[in-house]
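Below are two complexes that have chain A in common, paired first with chain B and then with chain C.
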Partner chain A sequence: MRLTSTPRRISRRELLLTSSAAVTMLATTGAPKFAFGADKTVKIGFLAPLTGAVAAWGKPGLDGCQIWSDRVNNAGGIEIGGDRYKVEFIAYDNEYDPGKARTGAAKLIKEDGVKFIMMLGGDTWPGVQPMAEREGMLVSTLLPSDLTPDTKTLIAPCEVHPIYNVTGVQWLAENKPDMKTAVICAQDDALGKPSVATYLAAFEAAGIDVIDEPLFFDPATTDFAPVMTRLLSGKPDILCLDTCYADYVHPLCEQAFQQGFQGTIISCTADFYPKIIEKTSKEFMEGFVFQFPDFDDPALNDANVNFSKPNEFFQEYANRFGESEWSAVSWEYASIMDLWADAASKAGSIEPGDVLAAMKSSGKGKHAFGDADWWGEELFGIDNALVGNWPVVVIENGKAVIKEYKSIPDWWNQHSDLVIKHFRALGQMWDQRG
Partner chain B sequence: MREDISKISKWGLGLVFLAALLVLPQVLSYSQREIAVLLVINVLLVASYRLMTLTGEWSLGHVVIMGVGAYASALFAKRLGVPVPVSMFLGASTAGLAAAVLSFPLFRMKGFYFLIGSFAAGEVIRLVWKYFSTPFGGPKGIKLIPGFPDIGPISMFEPENYYYLCLAVVSLSLFILYRIEQSRIGLTFHAIHWQDKLAESVGVGTFRYRMLAFVLASFFAGLSGALYAHYIGTINPTRFDVEEMVFVLIWAIVGGTNTFFGPIIGVVALTIINEIILRSLGFDSARPMIYGALLILSVLFLPKGLEGVVQKAGRIFKARKAPEPTVRREQNA
Partner chain C sequence: MTEIILQTTLNAVYAASYMSLIAVGLVLIFGVMGVINFAHGELYMAGAYTVVALYSHLNFPFLIAVAAGLAFVGLLGILMEYSLFRPLRDNPLGGLIASIGFLLMLQTAAVLGFGVRMAHIKPPIQGKIELLGAVLTYQRFLVIAAAILLLTGLYLFLRKTKIGWAMRACAQDREAAALQGISLNQITRIAMFIGASLAGVAGALTAPLVSPTPYMGHSVIVTAFIIIIVGGIGHLEGAVVAAVLYAFVHTFVTTFYDGVVADIVGLVLMLLVLVIKPTGLFGARERA
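Our next item is the complex of A and B:
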């Protein structure tokens, strides 16, 4: 005989009673350490553009931070001064506007009580600077060109933009010595100009001739056909897209494809590059050189790399948001959090001043791509940028591949005068800005 | 007698409104006070824009003119060491002067051509700021602009104190703008808008009056720019681009431009929705989409703008309050 039973529906009252009893039991009998280990929470501010033209360098970073905090919190939090802390990110969309950035900083510092703020920087940093200085708030930027001798609490611990771009040019010169001429274009803004100065220095150091004046286009440009026509008129071997936003890199590549460019493209970023391949072709994008790897790259498992479990991080990102949404900044803010957590543990405190002192105490730091030095005095007037190795990434068969890690300090020691010369010519030295 | 009562109630309402504005910072959080400062500055910007539109010309360069005031004031204070209150006035005057110069090419055009011409002129000014790193700072703009000096122990860095300063300046400016509109000059602006040929035929110098409206509007837009620059401490060409101008147009359109208060209602309502309500509901990333949807809905369902709603509410309120006419009562009897 087969016994059958009709499933009984649980009433709301029963569900509540059962759940509360279960929670009480877990709490009294002692739950596993990893689930209830962190009894305190530290709040971290995320003050970057989440909407608008520059959102591609904010939103994917926030997504990466959520993965980072889930990892850390699920592992029981961070041990700081004998307590375990969970990490909570509080985001504020500054729309890349300095006024809104100031409002955001005020909210994060005065109302949310954050202990550290991560920013994209650039145009928005000067709006935040007075507030951060008055409150002694530790702030990170992805753009070291924000650094000046006055910015004591501002650090650039991940990207030494645009200096790492020299590694791509160096690799290109070593591996494609037949490439002898180049042209450069960039949007005419605070990101474009220092990057152009760096590429000019890198090309000069590599013996590559820049055959025309750098072409600065207005950020409001939408038709890139005339821009590309002018760039290609001198038949260059290398087309340098500088640090253009994704909104420009994509149409510029499309135009280069349509106008029959046959040489090599080098760019700081190639965010969402699978979409560029869709619009052009795998063959056209073959050999595209840039600086930001996909984190499923096996080369990131190198012993020198400090970023924790990069391949798993990439997989989780792809699962949550889609592989094509991966961008240059998806991992960067998370890697800054690795540094912050390490320094806070070392300091035994979450207070901004203590963390900063611990971070810089030995003059060295654990950068995502290997141990690095706090540097920047010559270029930024302050040693608040963490600089070490940086990968050179090339698109091969439709996929970004790390070809080599190159040392930025080694290049700098040989060619610093060139960078300073071009920075000064374009008015980008710290004493020339604003 | 009824007119007197109406006047008294208007004054009473005005006083209550003023008291509410004075108390406002006390009920706001710190970051909301920051928003209130920017809102008051934008009120002046959009109210000055309305003066410009009185003659019938819609400009796409008004935010750039605000920028002229901001840049000039910042440079006077930072490079020449002029005291900030004086540099603000000089900045506003520079914006007025720039408008006077631009009037000559721009007022050779009308309607759509003026709109495009004003956009082109604005872009030329923005490119000048970008191209000449000295003295304008290039694409990065000007940083570390001196703030408004503290008054004794009152720190002007604090949003609450700067709010009161802005409130005083903007209230005075609005009063002047309102008086201009109500004056004979204001009526002439209206006449030029609706019947420019007829106005010319009775001896009105339309060019001079258009220029006057442009210069006055630009002076106050420049003043709003100066208030902004010395509070935020940094300005750059992107801050005054056409995208910002679109916001001014949206505020004016959603608020309505038939009355003096229409654009002000627009900027206040949309700022509260965008910066406070949507942010507090956690719609950070979806705000542009929701903002756009609100704009479309308001254009579809509120063709007279929010001022139309306020006027309608006022009429209903008056109709309820007014005593029944004596004649009708007698008829009923």
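Our next item is the complex of A and C:
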């Protein structure tokens, strides 16, 4: 049945050209941006995805920073070089797009005069790197896989993603030794691939057989049934969801549930996990292993934990934004600000170079989960990642519970060769990344 | 292996069902109005958010929310026709640009109304059908059944009713149709309502399966364009056949290879069709 009117029909060529033009227009549409905070003293840039598929790893972090700045500013600010500074966050939504990240970095540095920029990193870091290097701007990333020997002013002071994922696999092997086979899936991007390499190394070190090639899917995927059918075809004991975004973890879990998976799921994150339970069942999600605790967990009151009053922070977050809005990054950017504030006080300066020098002067730092070392030379070509302990979190009776803190350096000392082997095989070593 | 092939087939049938609804709606609008509706993916998103609002937030029955999604998005279509496409009737490229503006307005409205994060919808129907080890959930079955019913109904409507004939006449030659006393305004309004509501009902039915976000329309519209190019621009049957073909190819390649390769294969399929039969599988040669 032909439904095309000939007199004013658009030719196929016009259709293709105009569609391309329209896609280009969409891609270059201006990013929403906003700012909040006090009107004085030191400005900190927040350059992360606040909208789009990766917003769950940006927006909750900004919310956490709001609590952090209120805490600090209400206490009179930070003492730096004999003066007291209040902190103002200037946020820019990069939509997880390198071009928009570049525009955001230019605005934050040139127009707003920020002294430090916090990023999620990943695909957006290459957009920022030239300007950060040129301006000597101190930038933090949650993804140390952005680090190379050239990224002298880029630090990964909170997450050592994806290396901490080894602790979950290590715990699983120690506590569920009957689990012997695994499969892995991930979105095909700068976040997914290094994480896959890490999980492959961790499974190999634990003697767990990965029975199929890792399955990479397009980040635009919306129907995960075919992905899950492939993953479950070998009847694995462990289903590894790598560092999939929350928008993928949820439908993947739902599909695993629908298609009858009965083993254990391990994942880097399980953001908004009560919603996954709602879509599957408490029994299905029992034993789900991941890496990011709820901060109301009593185990965070351990004397080694450096994050200030974690339970109160969580409560304040829940009061302001709702408990169900808590995500993996809600505390992370705030934790980075703790390190920055300490270093600025120590340096007596807010200038990026001085703060960085003070931060790394002893080779050690106070990471949220305990004292840690500046590390990374072997894997990233530069010691700009702060690494120490990391918690293993398991869902028990519908609630995330910290089961154990495990030492990443201890694991690394025994199995570094495996990580390097798999990083290199997937082209993720610093000298292989474009 | 039989179990995997059967499961993959069921997955492909589901994908073909909802993609057919979206692609046929897009083709109908293009066929009758000559407008490339770039906001079609956002109409799909609007249908999904109708379910979020009515079913998840206000606890209406799921099927009522789906029906409301169909009607609401159909009305959005009429709004687009009246305010955007009718004034730009003789300027199809202007219509395309206007549809992009409307796309951004719908996205912004969704962000303001529901936030940037994915919405969670509790499953309205629990349970599943098991076939030789393969699984088809009732929710997915509902999408397949609804697609078959709606597309059959649309086919009969276009073939057996006077309005359907008028719509086809407008599509073939608008001026000749007008000379026969057919109201162009009325026909384009109806076409826009039907085309938009098909996208809306697809979004509403699949909302519990995809966790809606304000940006969910992007990936859908790209796939829909591939389908209508493969099927032959302006052909309803072509859109359905291409949706089935694309869904099976994409689903089987994803299952037996991986998702990234499946996307490449989908694009290669489109390029092959353009090279071998530039008018698409069902397309006719353009008249001079």
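The working rule: the second predicted complex is superposed on the first by the 394 of 434 C-alpha atoms of A that agree within 3 Å, B and C clash if a C-alpha of one lies under 4 Å from a C-alpha of the other, contacts with A are read in each partner's own complex, and residues count from 1 in each chain.
The rule is short, and it goes like this: contacts are C-beta pairs under 8 Å (C-beta built on N, C-alpha and C of every residue); 3 or more make two chains touch, one makes a residue touch a chain.
Predicted model, so just to flag it, every value in this text is computed and none were measured.
By the document's definition of touching, both partners, chain B and chain C, reach A:K59. Ranked by how many residues of chain A each touches, chain B and chain C are led by C.
Of the two partner chains placed by the overlay, only chain B lies in contact with A:K193; chain C stays clear of it. Within the superposed three-chain model, A:H250 lies in touch with chain C and out of touch with chain B [touch as defined at top].
By the touch criterion defined above, A:F217 reaches chain C but does not reach chain B. Look at A:E278: by the touch rule set out above, it reaches chain C but stays clear of chain B.
Of the two partner chains placed around the shared chain by superposition, chain B and chain C are both touched by A:L50. Applying the stated contact rule after C-alpha superposition, one finds that A:G99 touches chain B and leaves chain C untouched. In the superposed model, A:K107 makes contact with chain B only, not with chain C. Once the two complexes are overlaid on the shared chain, A:R433 sits against chain B while remaining clear of chain C. Under the contact criterion defined above, the residues of chain A that touch both chain B in one complex and chain C in the other are 50-52, 55, 59, 188, 218, 220. For chain A in complex with chain C, the touching residues are 1-12, 14-15, 18-19, 22, 25-26, 29, 50-53, 55-56, 59, 188, 213, 215-218, 220-223, 225-227, 229-230, 233, 246-247, 250-251, 254, 258-260, 272, 275, 278-279, 325.
Chain contact summary for the complex, chain C toward chain A: residues 4, 7-8, 11-12, 14-15, 27-28, 30-32, 34, 36, 38, 90, 92-93, 96-97, 100, 103-104, 111, 116-118, 120, 122-123, 128, 135, 137, 140, 155, 158-159, 167-168, 170-175, 209-211, 213-216, 218-220, 222, 225, 229, 233-237, 250-252, 254-256, 258-260, 262-263, 278-279, 284, 286-287. Residues 50-52, 55, 59, 91-93, 96-99, 102-104, 106-107, 110-111, 123, 126-127, 129-130, 134, 188-190, 192-193, 218-220, 427, 432-434 of chain A are the ones that touch chain B when the two sit in their complex. Note for the complex: chain B touches chain A at residues 29-31, 34-35, 38, 127, 130, 133-134, 137-144, 147, 157, 159, 228, 232-236, 238-239, 241-242, 275, 279, 284-285, 287-288.
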